[in-house]
């Protein structure tokens, strides 16, 4: 049994329309006989057959358009009994659709064009200057460009590295590389001093504190971490951050700025994350949209942020757009932290060390792993009632780590 | 040069002729053919006297049929000779573009490496002599688009003298573009001038403030500009590309790593030209070295006009190069 | 049959024409089955030209071919296996799969391509002949081209140059009456191609291209003329292709009747009939030829099927000479 297929009649031919069968089932044919006519974009072709035999039932009828290679009819060798191949799969006809495969995989490109990565307000800066700034630990935001269109060039960066501008009173501490020069260290110290003084001077802080039982959460986390290689493991800090973000969703008044005697609640949750620099000083770059990050992404973001902060490669936006701040001094063994809010933010959550403590519950005394969470909030923006609701929400979210 | 050797006064034209003479003497497979290369002495007098010296077998006047004699050069190269084919100007070479593109550049690949084409084609290129729009273009950048051929643009006497021999040694087709304003260039060469490297670009003037990348006749405008800039305290590094295909990226990239500014000066048109190619390579390979966008000084996008003032305005000139360089270094 | 024609030689010629015919029929089949891609131009009907002309050439002579060159290559002695493998795009092909049907090159037989720019090979042949002459070799460079090429400037420039320099070129025009699908009466003001040779001062004749004996005789005369140092020669072989121009062609430009008229002068039948008529050749002998040809074609297909693909990492090889192959 043989197969007579839709021939390829040119490199650009993908399909052909069978116009007419010139042989009937049962007809004998020999090599070179014209057995059908086929129409392509080029016109009408007479199609020859390259074997001898007897034509079987056509599988494609006149008028159908099929892809090259489709079996048009089964053929039988001379003397063989013709059999009807009822199981033969009918080839796709014109109405049955287009040839499958390549056409399907070549789906239209995504409708949304790639988002430009530059914001409209991006400071023009030459690629070389940008790289130099990273090397010298200079924040591009602090450099005044003197190039065309105010672009920052290499000389501007060099100038800034040698003579860092004193931070404005209202600015948050600037990122700088560890110990590049005594001048930079001093600049940062002064910036922190200015911001903190202003905070203590202007912001009426109130403090609320709560012990949170972390036992269940940490157990869950340990179980999860066993499933992953070391580099993908999640640290408790990520849980704390995520729980804070969730709690902020419940109590949004703590997420925002106090400006012009008004509270501006921010819709996005960018949590400033205090990072201590090895050479001294403190930077609080923000992790963006913490509420929308999965724990694994958040972990990656924290790691990335710490690394870049210490290498002096922070993006300017990360420095200035935190909507509230978290400080975690647990590493150092501190139990409770009473922090100072970074203006114009209105809240700061601090965590001490996670440690085993006696814990009474349901009349039983046990040992639990706990952490003390302290909320510092701006009394101009909120009061203790909202603050309590926040800490309550924080505890609640912490007890359901699988939902974080 | 470590040793002082005797020097001779010569010109670009004489250097080319001496190179042909040397090649014909060293290798009997070498012959020259083209329009008016024999009895006339060459359109630019490069081959003047060679007919008497080597005879009509090896200095062959051809009919005005660029496609046939360039094709015959390819055939002769296939057949074991080492032809030097002279095409009168780059504009006329378009009559033979089919042979250059569809045969010379492809036969080696198309035959799976069985045949190669050791052919050298020389042609005049460039504007500056008021020859107008059918004799004065700079199309070497076009040719540099084609894989399978090598493109040389000798600017200096040294290269005019030294590029031909290595070009003939190259097993693949080599096109040599001689800017018509250079034929009268005079200077000295060592008496025993030798073959030069045809792979590398060359730093012709050193400086730390910006890199000027050029080739052929524009090179000298760049060098003049660099001298003027130096008097104003701007130190430009000037690079002669010498070979347009394959481009020696390393030399100009190393310079840009030092200067952080790149200016390309090309007598070809800007759109789709070799200057665009070099600019793209800088973006690809040295983006983070750049302190200011790459700039180009190219010919105006017009057919080269006849009138002197218009022709001058159409071409890169020393003052336009200086202006561009100053603009680039004025900010810091 | 002419008693001066050696019977064995005639049978060889018949076999070569049969080989070309069957090889190309197989090629058409393999094209239909998508084994061969690109353009495929079949020589069927014109076999007598290549077979007759190649018989007049010596191994050291050079050949520049057209893009309808399977027949020219086979008759020149290029291996059927390597031609088929080339059309399969395999690295065992003569051009390592980089040329395909239109670019068969073979250094061993001095076969300079498969040239697919119509007339573009003519100046190459002129240059090859120039090199031969300058190197003192008494060879002929045979350049195949069609009637379509006669309209190109290349033809005229090259004829002039070759005649001017008295180069040893055999300009071999396969006049099959159609430049692709346009009849010569629509493209040539003076359709006598041989006469154009005379205009350039070279000897030129025309011959019945369906008759291999006549073609060989004319080609030998032409080659002798060239070898004696008389300069180039234009030989016009009047022939006909039985198949469409390429696999794309619906043959709107000629009638079935015209094709059938020409098929009555099928070069294979013409020679076979002569052999029958002179005796000593019968159906059985013909079967033997058919069978041996069939074996050779099948072997070529098997060789091509078994061939391997060049690694993609080698894509840019052979663009420039490598030190190892220079």
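Should a chain be cited, it is by its letter among A, B and C, assigned in written order, with residues numbered from 1 in that chain.
Assume contacts are C-beta pairs under 8 Å (C-beta built on N, C-alpha and C of every residue); 3 or more make two chains touch, one makes a residue touch a chain.
Given the structure is predicted, the values throughout are model-derived calculations rather than measurements.
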item: Pair with more cross-chain C-beta pairs in contact, given B-C and A-B; value: B-C
item: Identifier of the chain whose CA centre is least distant from the whole-structure CA centre; value: B
item: Rounded Å distance, subunit A centre to subunit C centre (Cα mean); value: 64
item: Subunit B and subunit C: spacing of chain centres that average the CA atoms, whole Å; value: 41
item: Distance between the centres, which are taken as Cα means, of subunit B and subunit A, whole angstrom; value: 51
item: Partner subunit B, residues of subunit A touching it in the complex; value: 126-131, 146-148, 151, 153-156
item: Subunit A contact footprint on subunit B (complex, rising order); value: 260, 287-292, 331-332
item: Of all residues in subunit C, those that touch subunit B in their complex; value: 62, 64, 91, 93-99, 103, 105-107, 112-115, 117, 120, 122-132, 134-135, 153-154, 157-158, 160-161, 164-165, 316-321, 325-326
item: Subunit C contact footprint on subunit B (complex, rising order); value: 31, 57, 60, 62-63, 65, 67-81, 83, 98-99, 102-103, 107-116, 147-148, 150, 170-172
item: Residues of subunit C that touch subunit A when the two form their complex; value: 25, 28-29, 31-34, 37-39, 246-250, 252
